[in-house]
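Should a chain be cited, it is by its letter among A, B, C and D, assigned in written order, with residues numbered from 1 in that chain.
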Amino acid sequence: MIEVPLRTTRLLPHTLLGRIGLVVLAAAITVLPWLVPSYYAELVTSAMIAAMLALSMQLLVGATGLVSLGHGAFYGLAAYVVYLISPENVALPIWITLPVAMLVAGAAACVVGLFSLRTTGFFFLMVTLAFGQMIFFVFHDTKLGGGTDGAYLTKPLISAFGATLDLPRKQKYLGTYYVALVQLVAMYLGLAMLLQTLFGRALEGIRVNEHRMRAIGFDTFKIKLIAFTLAGALAGAAGHMWALHRGFVNPEIVGWHQSAEALLMILLGGLGSLHGPILGALALTGLGEVAQLLTERKLLVEGLVILAVVILLPRGLAGLGSRNTSNGAGDRHG
Amino acid sequence: MTTPIQRLNRRALIKAGAATVAASVIPTRWAIAQTKPLKVGLMLPYSGTFAQLGENITHGVEMVLAEKGGKLGGREVQFVKLDDESKPELGPQNAERLVKRDGVDVLIGTVHSGVQMGIHKVVKESGTLTLVPNAGNAAVTRDLCAKNVFRTSFTNWQPAYAMGLALGKKGVKKASWITWDYAAGTESAEGFKQGLEAGGGQFVSLLTLKFPETNFQPLLAQIQGLGVDAIGAFFSGGGAVQFVKDYAAAGIKVPLCGSGFLTEGTLGGQGAAADGIETALHYGDGLDTPKNNAFRAAFKAKANREADVFAVQGYDAAQLLAAGLEAVKGNIEDEKTLHAAMEKAKIDSPRGAITMSPQHNVVQDIYLRKVTNGQNKIVSTIAAQLADPGTGCKI
Amino acid sequence: MTLSSFLAQILNSLQYGLLLFLISSGLTLIFGVLGVINLAHGSLYMIGAYTAFVVARAVGSLWIALPVAMLGGILLGSLLERFLFRYFYKREHLDQVLLTFALILLFEEGRSLLVGNDFYSVPIPAALDFSIPIVEGFSYAAYRFVVIVCCLVLAAALFVWIERTKMGAIIRAAAERPEMVDALGIDPRRVHLTVFAVGTALALTAGALNAPLSSVYPNMGDNLLIISFVVVVIGGLGSVSGAFWSALLIGLIDTMGKAYAPKASGLAIYVLMAIVLLWRPNGLFGQRGT
Amino acid sequence: MGDPAATTPANALVLCTEGLSKSFGGLQATRDVSLSLHRNELHAVIGPNGAGKSTLVNLLAGEFTPSAGRILLEGRDITSLNVWQRTRAGVARSFQRTNIFLPLTVHENVRLAAQARTGTLASLLSRAANSRTLFEITDLAIERVGLTQSRLRPSGELSHGEQRQLEIAMTLATDPKVLLLDEPLAGMGQEEGERISALLKSLARDHAVLLIEHDMDFVFKVADVMTVLVEGAVLASGTPQSVRESAAVQAAYLGGHA
């Protein structure tokens, strides 16, 4: 038998240079807080949280070809879970809050998936949107989570294995920063590994041609449901991080605009790569900061940028340097 | 940088931002800080539905500075404006921009109560002196109160309580309250119920509608069946305009009254449908005092439109800030003296005299107003120096 | 609950349902025939309402504003299709979502630049500015009846167009099997342009018609957009008659919910949608899977 | 692939249908079709356009649920199984229109199909690169259809005929008992047709094969058994010789051809 070299999955960097680039990026983020004022470190923290949300969504969008507008709801739900399980003025350790938040978000995603994955295409989009709004209304219209104005929560303690990270008040942001970084890196590596498994290949097959996947014997509904649930749980990790960072929940973090923003990050970064959403999140956060300084018409700028990207840069920032066209959008119905 | 009021253009703002970065890298001594201009962050809506409110508040703040010759407590003032877009999910991020990036000494903001929650979270941790020029969510001066946060506007509870009280005293036996199902709505309902019961009336029911929907028909069709003598309402902005019009068109015999925002800044749209509606608020038309007349004239000269309650609230926020800074001679680091001075301050507001409650919410007269000829004419003072209960606050 | 107020609620349901129909019929046609998800459809409704406001303010008559909104809708729809959407039929769903999301932002910013951020009320024409008592203690504004009648007339015209004309037959076929358009010997671009223009015009007309009842304010279409999605999902993709019955059903459930169970009303329609999806994944009147 | 099990006879009954019917709205696309497929037998279904040949394949593959009737695989009722369950049970199909994963290489396409039968979640989570049995199955299927030379080429670069071969390789990789081949010759030249014809004969040795085909000369050359469908119903069934001689078929369909 002849050895067949296996290509790495489409979504991972194909060149050594690309891999080195990612390592350099991670290293730069690691040293950054020691070089800039705390405000900018906290800005990068929120960019990393956004990147986690976008990355979890890439499992659906880039890997499986499922565009969901309800994904942000699992993110917001997880933040609310932290609020709901934390007793007033008692900080729970992160090793309790994180798994619980992910579990609840994953369970909610599983239930929504059971309904919504029976549909495809536009139906799927609309149904996920409607279910997301359903979760939104639960927090917006009931007293469960503090109602329309939101509520404060006690930030979870950064602790694991019996040890607690107890930083002085002025340096607390560093703890949050590195917890976010560790989770982002772990999420990236975990997803990279997942996509190299047979499961990852099955997702790829579904993205390209789901009908054919069924015909060669794949239970595509089950596979999509697993991916949807997992993506929901990972969005939960991002939402948990938001709660840890902000100590505040508000119904708007559950709304569908969150999903649209995450999609925007994916598009900006590029559909065809796992690191695209991270680049997109960093770029969009930077853009938001600059636009806020330059103009009062921030939404106008945002709208024009999206329009320009959709029309001119269909493969995103990550697609700027590469010429690997075999994964382009045109052949998804092949 | 010679004009007293620094209406920064964009480019200057970027420079200011860069300066802040430098400033926070190189530690500065207090002596240097003392001679620097006082940085006042204005975090207000400058776009979206509440843009006009944000602008009127800003005018109010700037008027005080002009009156004081461009200095507060002996220090020049530099404004840093930030549009909060009335987006609650951006609240904490925007507040951090001012507090941490731009390093403001004082934050004045905002209108939207959801955004206020985000600001409050940030300034509670940073200890930045904060003045609330509008948002009326009770929590900020109740269970979440903070020693560095003062409110010169109202709580949703205050005008609604006064309205209930006025009805009760007038002999209304049964009344219901109708509002959106959101924090401000339920807080106003609570105030109305307590006021009505204090005046000897009976609270029948609370009718709610999802915020910010404006399809009032399903609720209006029920009112006749409630068997009440009066209906009180809390709506604002576009919702208020439409509610009053729909109420009139539905031909309901039960008289309508409400929290003052029902007819505040909305009479142009409501037209004849609003005639005769009684509302309660801490400000109104026809308040013939020298202070108010001077204020209105100055506002009109500056903004080229009539002053409103939001301008008054912004004006008073700056007056309270001035009182505090004068007590510490511009040394904003002396928090103890500063806060104590602000707590004790007696402000001569265009609306009448106001003071601060122990929870740092404004204590003020609430007027009964009646819509006459397109104006909210003040009829009488219902509740003199009314304070919010401030339940759950520990300062 | 009295019987008379219940009757009034039925009338309210009808009026709300018909309005939903005008908005969602355009959505369902555009989904069904062009395969484009238009998140900016709610903004089109907003543009219609503001058009009514601006025209009524300028010329003092809503009767001129209505046809202006309708023709403006046809024009706007044609331009959008010809210069933008046409290039997105073959693109990924994600691109369409983001394109129309960008349009929401641009439409709202345009509105903000041109008209400002204030809310405005649009006066009811003087001849109709009276109320008709329908039950004890509750009258119905005459203009609401006008809205009901206008919606019914538009619905009837739409049905005749879809059921009785050649273009309508092609549209029905295309909604069931999109590849059919190419096979029918008609320039598919003409079909696409027509459908998009009609859908847009319906949204603008709905906005203009309802402007005196709703007033105009920023982001006024957001909430209606999501409810219209639910209408389309329940009615079935591409089915105009499905959208009609499902809009009336949603109008009824929403109105009754608001009147008699306000806490549950926000969730009621989504629960209904979940049940329909379990029972019939393609909607109550759906012809095809997607 | 699929060594004939020692215990079953070489030409055992693999799949049969009983009174299979399907209607769409008012249109009856399949009427009361009963047929049986045996191992080591190439069973061709012919009929004019609109005779219901594709509907029949879709019914057997599980795309459509029959309005009436049953489908039995080795005596087991599989009527209620859906598409992927049928594939796992051993009924595999190729498509009339080429339906492969264009961005992937030949090897990757076939491996994906082989992967489906590993089934459990745990095995799905093993690294794709490590699965040796998977490679063996994949390479065998590719070799069988004669694409070994091209196995690392992106499938989008293959010629039309090669893509049809790949289509069949993917079907083989699912380890089927029954092959449903929907017009495998569609759009092929003479030479490519010859190659496929040889392949089909070889496949029929260890599978039950159902073939839908337009090309009459080809069908009469390769088929062991033929069924003629007209308006959804079986007009005649039997050896090519008996079908050719059937008066009904001649009258209704073949006309001057015989």
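The rule we apply is simple: a residue touches a chain if its C-beta (ideal position, glycine included) is under 8 Å from a C-beta of that chain, and two chains touch if they have at least 3 such contacts.
Being a predicted model, the structure only gives us computed values, none of them experimental.
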{"item": "Chain whose mean Cα position lies farthest from chain A", "value": "D"}
{"item": "Mean-CA-position distance for chain C and chain A (Å)", "value": "33"}
{"item": "Mean-CA-position distance for chain D and chain A (Å)", "value": "42"}
{"item": "Averaged-CA centre spacing for the pair chain C and chain B, given as whole angstrom", "value": "37"}
{"item": "Whole-Å separation of chain centres (CA-atom averages), chain C against chain D", "value": "48"}
{"item": "Contacts with 2+ other chains: residues of chain C", "value": "263, 266"}
{"item": "Contacts with 2+ other chains: residues of chain B", "value": "47, 181, 210"}
{"item": "Contacts with two or more other chains, residues of chain D listed in rising order", "value": "none"}
{"item": "Contact graph of the chains (line, ring, star, complete, other)", "value": "other"}
{"item": "Which chain pairs touch, all of them", "value": "A-B, A-C, A-D, B-C"}
{"item": "Partner chain C, residues of chain A touching it in the complex", "value": "61, 67, 69, 115-116, 118-127, 129-131, 133-134, 137-138, 140-142, 256, 260, 263-264, 266-267, 271, 297, 299-300, 302-304, 306-307, 309-311, 314, 329-330, 332"}
{"item": "Chain D-touching residues of chain A, taken from the complex the two chains share", "value": "1-2, 4-7, 10, 193-194, 196-202, 204-205, 208-209, 211-220, 226, 326-327, 331, 334"}
{"item": "Touch list for chain A against partner chain B, complex", "value": "36-40, 42, 46, 137, 140-141, 147-152, 246-248, 250-253, 255, 257-258, 292-299"}
{"item": "Residues of chain D that touch chain A when the two form their complex", "value": "61, 82-85, 87-88, 92-93, 95, 99-105, 107-108, 111-113, 115-118, 121, 123-129, 131, 134-136, 139, 151-152, 154, 156, 170-171, 173-174"}
{"item": "Footprint of chain A on chain C - complex, ascending", "value": "31, 35, 37, 87, 90-95, 97-99, 101-106, 108-109, 113, 226, 229-230, 232-233, 237, 263, 266-267, 270, 273-274, 277-278, 281-282, 289-290"}
